[in-house]
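Once you've had a glance at the structure underneath, I'll fire off some questions.
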Amino acid sequence: MQKQAMLKVESQRLVADRIYELILSGEQVKQMVNPGQFVHLKTGSFDDLLLRRPLSICDVDSSTETLKMIYRVEGKGTERLSHKKSGDEIDLLGPLGTGFPVEEAQPGETALLVGGGIGVPPLYYLSKQLISRGVRVIHVLGFQSKKDVFYEEEFKQLGDTYIATVDGTYGTNGFVTDAIARMELQSDIVYSCGPTPMLRALSDLYKGKRAYVSLEERMGCGIGACFACVCHTEDDPTGTSYRKVCTDGPVFKVGEVVI
Amino acid sequence: MQKQAMLKVESQRLVADRIYELILSGEQVKQMVNPGQFVHLKTGSFDDLLLRRPLSICDVDSSTETLKMIYRVEGKGTERLSHKKSGDEIDLLGPLGTGFPVEEAQPGETALLVGGGIGVPPLYYLSKQLISRGVRVIHVLGFQSKKDVFYEEEFKQLGDTYIATVDGTYGTNGFVTDAIARMELQSDIVYSCGPTPMLRALSDLYKGKRAYVSLEERMGCGIGACFACVCHTEDDPTGTSYRKVCTDGPVFKVGEVVI
Amino acid sequence: MSRLNTNRLNIELPGLSLKNPIMPASGCFGFGAEYAEFYNLDLLGAIMIKATTAEARFGNPTPRVAETTAGMLNAIGLQNPGLEGVLTKELPRLSQYDVPIIANVAGAQMEDYVEVARELSQSPTVAALELNISCPNVKQGGIAFGTVPEVAAELTSAVKQVSTKPVYVKLSPNVSDIVEMAKAVEAAGADGLSMINTLLGMRIDLKSRKPILANGAGGLSGPAIKPVAIRMIHQVSQAVSIPIIGMGGVQTVDDVIEMMLAGASAVAIGTANFVDPYICPNIIKELPNKLDELGIDHITDLIGGSWKELCSVR
Amino acid sequence: MSRLNTNRLNIELPGLSLKNPIMPASGCFGFGAEYAEFYNLDLLGAIMIKATTAEARFGNPTPRVAETTAGMLNAIGLQNPGLEGVLTKELPRLSQYDVPIIANVAGAQMEDYVEVARELSQSPTVAALELNISCPNVKQGGIAFGTVPEVAAELTSAVKQVSTKPVYVKLSPNVSDIVEMAKAVEAAGADGLSMINTLLGMRIDLKSRKPILANGAGGLSGPAIKPVAIRMIHQVSQAVSIPIIGMGGVQTVDDVIEMMLAGASAVAIGTANFVDPYICPNIIKELPNKLDELGIDHITDLIGGSWKELCSVR
């Protein structure tokens, strides 16, 4: 199957401090059925920024063949991306990776979706798919500060949504784990994406449970060929066993890999 | 004096095969009073094409502060330049170099302006200035083929204009020197710009006369600091005397430098 | 007499009958399985598979890659399933393709190289060996083999003694005198050279103040290094009489031509596979038109064209 | 105890009291006259002037420069007015500025270096010498001095014997072991190092089939080589105790910080002057804000930050 295509920029807008929502359209979107998968984007046709950038799929509308992503301007690549205007074309490789296992949540169960910062976006598409499967969803979204919060309304429309900010300027004061504890949130299954320390804390909290984390790692190819993105497995933490974040992941079951 | 500025693209259009006319505007244009000078352009804000590109000033309208250039798409830089649209900004350094000595032509005299290919553009601004000084102008413009001819009408409006094409598909068959011989063109002073073999032929033809040639050389800085663009002088052709094309030139009197 | 109607891209090198001069470079194509999902690997001139070491290796801690201006750094650390894994899993899978496999051999000591080379060369799927004497990533080895001519020569002849297949020695660019290195391994019996491996580089993160790569330094590849590759191939091809598989920053069909004019007999593409997974078949497709444009009959007419007298009719 | 109100950018190096760590690199700034039309040279930390040889040189035939991806090649060939011209014309003009002048010394044989170094060091306008043992452009010399430790050491001590000013030895990156080179010249008495000079590279024109540079090969500079510079400065700064003036691909204030974290005590800017003639004063202007952003009091707190323990209060 053709995995690379030029997609058209439909729109781009600022949704929080340095955070952009980018909507692309193209036939390629048809393949993007699994939440938690990612795409690998070229930020321009210039050779100075050589590598593609991985961004999670935030939402897909297959009827209009549109793909939504939300990203934060971190460095030169995302900066360049933020200047793209509607009508521009973007070279996309994807969908890539193994996403969240929606089928692990049974209809009627409650799923806890925990996101941190720019780890929040993929949970949106996941949440929609869980709901359409008859799963109840609770969202806990952590941000640094009030100015960083995005998509609260959008998540609220799907289910209960709790916001935590590290500096306490909005929602619960502290980390997502603080919010989970304070609200005494119960669930049958947990899905999460966010910074490594958050994922570590959640892994401890939900050890042995049905819990899934989406990891980030610097990537070369994004398709499993370069061995840039490997991590150790928990059952062989110092040996030669490994998983590739780009193909085996980015989503892993808690306890599968060393975070 | 500030020599660097961001200029705005007013328009860009194709005027012949791979040949574009680019009009920029900005205050910087005020400084561009001498024909034969050039500007040094960045073709984008990307680091892969690192160096600036030298392009001759083709025409200036100081009332509207607009600058016209004509260039051929040769490689990646000019290719990138050709995608600029009105409203885009271009980083410009200039005016640079020493242009054609308009003052060497006396009112009432006849000046022969000889251009070849993309050496034609700077003659346009020169011709206008000579005319306003009361000098009669004759233009001889050489191109490869009919499809490469540009600005014939514009030059005709300033004075007699003869076209030569190497393949004979338009105007006189052959080189500019053939056209000059065939038409028995007489003049008091000669100004020329074009490919090196043409300039060599003209130098032979007008040795010891009031004749000026504009040279091309690969440049680094464009301002005289890097010693990329030097040429030997005719009176010390193998010694250490030199002229810099970017500052002492690009225009030299015939017999001053080794071409 | 025009050869326009025959295959204009085929090249014969020791052990290698190449349909065309394009092959993925070692370490940038795994063992082919991933790219096989993008296109039919039979299109390729050859495949240089990832370095094989005697034992399986996990490699370096992550981050293992960092971007640089027009390049990238990597410090994968030779992660691979080891000789056993390559022989039992990777090579059998690759045997289905009608494309010569060049097996990249790495090691921390001469004995490792010799063992791996002996075993791999006996696989019917392996057409030639590529001796990675230059990988700058692995602390326990590599660097020394690739920078001291005598050591490289000793290793080359030890491997030649056990290998039943032609041996291409992959040179490191991190040396004072690449010609000296090339001549040393040629004299030691190398059947061909491949060059260049990565330049040693580093990037430091301003906030953490630490190198971005967990390993500290890493190998620089991509368009940034192409001028160094062209220069070295130009020098070496004039000094030796064994063929060179060129690599380093190739991204376009023009880069392939430039590298062959410099003196390469075939061209490997590394980093560019990450940017465009279809790069190899795309370039192969563009080659005939490019030859037309340059007025060249057969691709071999390009080899060393920058220093040889023009021999083909133009 | 904050030093926020004092000069946060000044640095003391052997023979050099720098207002700030930024200086144009040799060969990329002529003798200053051209850039003096763009800004007041007094803004600079220092100026490294173009190489001076005993006799005037015309240099190589043109083309002398070629662009590469994120870099450029040059083969100027040390064009300069010779010792006499520099002493009688260039230095007197430069004496009007309140900025330390570092004179770059080149030659084809040891005697030339010694003569030029002796004379230039006696000029009151010259604050220090930079020994260009590494220029890869000039066929008759350069390359050997810069790639053999013993030869570089011999040259360094010969120059030290005659120089009345501190001597910075400019290292070539085209070596197998940069640390060995650095240690050799340190042991021979070098007061400081400057690094890196250009990498040797080449580009070939597809149509003419010839190298674009008339000289064939040339020196690669610009952002493409920055990772190599960072790596070498990182290695060398940990191995020697003399200061390093770093250079190679610096274009932004972030690049300056990165290079100082790697171990440079000051930073020279070469190629970027051609892209933006105002680059040096612009970066100098941006430095204080950058220090604020990184929470650093004084610029010297950055030096070697990638391998030293954090010493400044953050």
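Should a chain be cited, it is by its letter among A, B, C and D, assigned in written order, with residues numbered from 1 in that chain.
Here is the rule we go by: a contact is a pair of C-beta atoms (placed from the backbone, for glycine too) under 8 Å apart; a residue touches a chain by one contact, two chains touch by 3 or more.
Note that the structure is a prediction, hence the values are computed from the model and not measured.
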Chain labels contacting chain A and also chain D: B, C
Of all the other chains, whose mean CA position lies farthest from chain D? A
Taking each chain's centre as its mean C-alpha position, how far apart are chain B and chain D in Å? 36
How many angstrom lie between the centres of chain A and chain B, each centre taken as the mean Cα position? 55
Using mean C-alpha positions as chain centres, tell me how far chain B is from chain C in Å, no decimals. 46
Can you list the chain B residues in contact with two or more other chains? 47-48
For chain C, which residues are shared contacts with two or more other chains? 68-71, 223
Make each chain a node and each touching pair an edge, then name the shape: line, ring, star, complete, other. complete
Touching chain B in the complex, chain A uses residues 44, 46-48
The chain D residues in contact with chain C across the complex are 68-71, 73, 147-148, 174-177, 199-204, 206-207, 209-211, 216-217, 220, 223-228, 230-231, 234, 249, 254, 257-258, 261-262, 294, 305-306, 310
Within their complex, chain B touches chain D through residues 1, 3-4, 42, 47-52, 93, 217-232, 239-240, 242, 247
Within their complex, state which residues of chain C touch chain A. 27-30, 33-35, 37-38, 50, 56-59, 62-72, 74, 76, 79, 81-82, 222-223, 251, 271, 273-278
Quick one: which bits of chain D touch chain A in the complex? Just the residue numbers, please. 69-70, 223
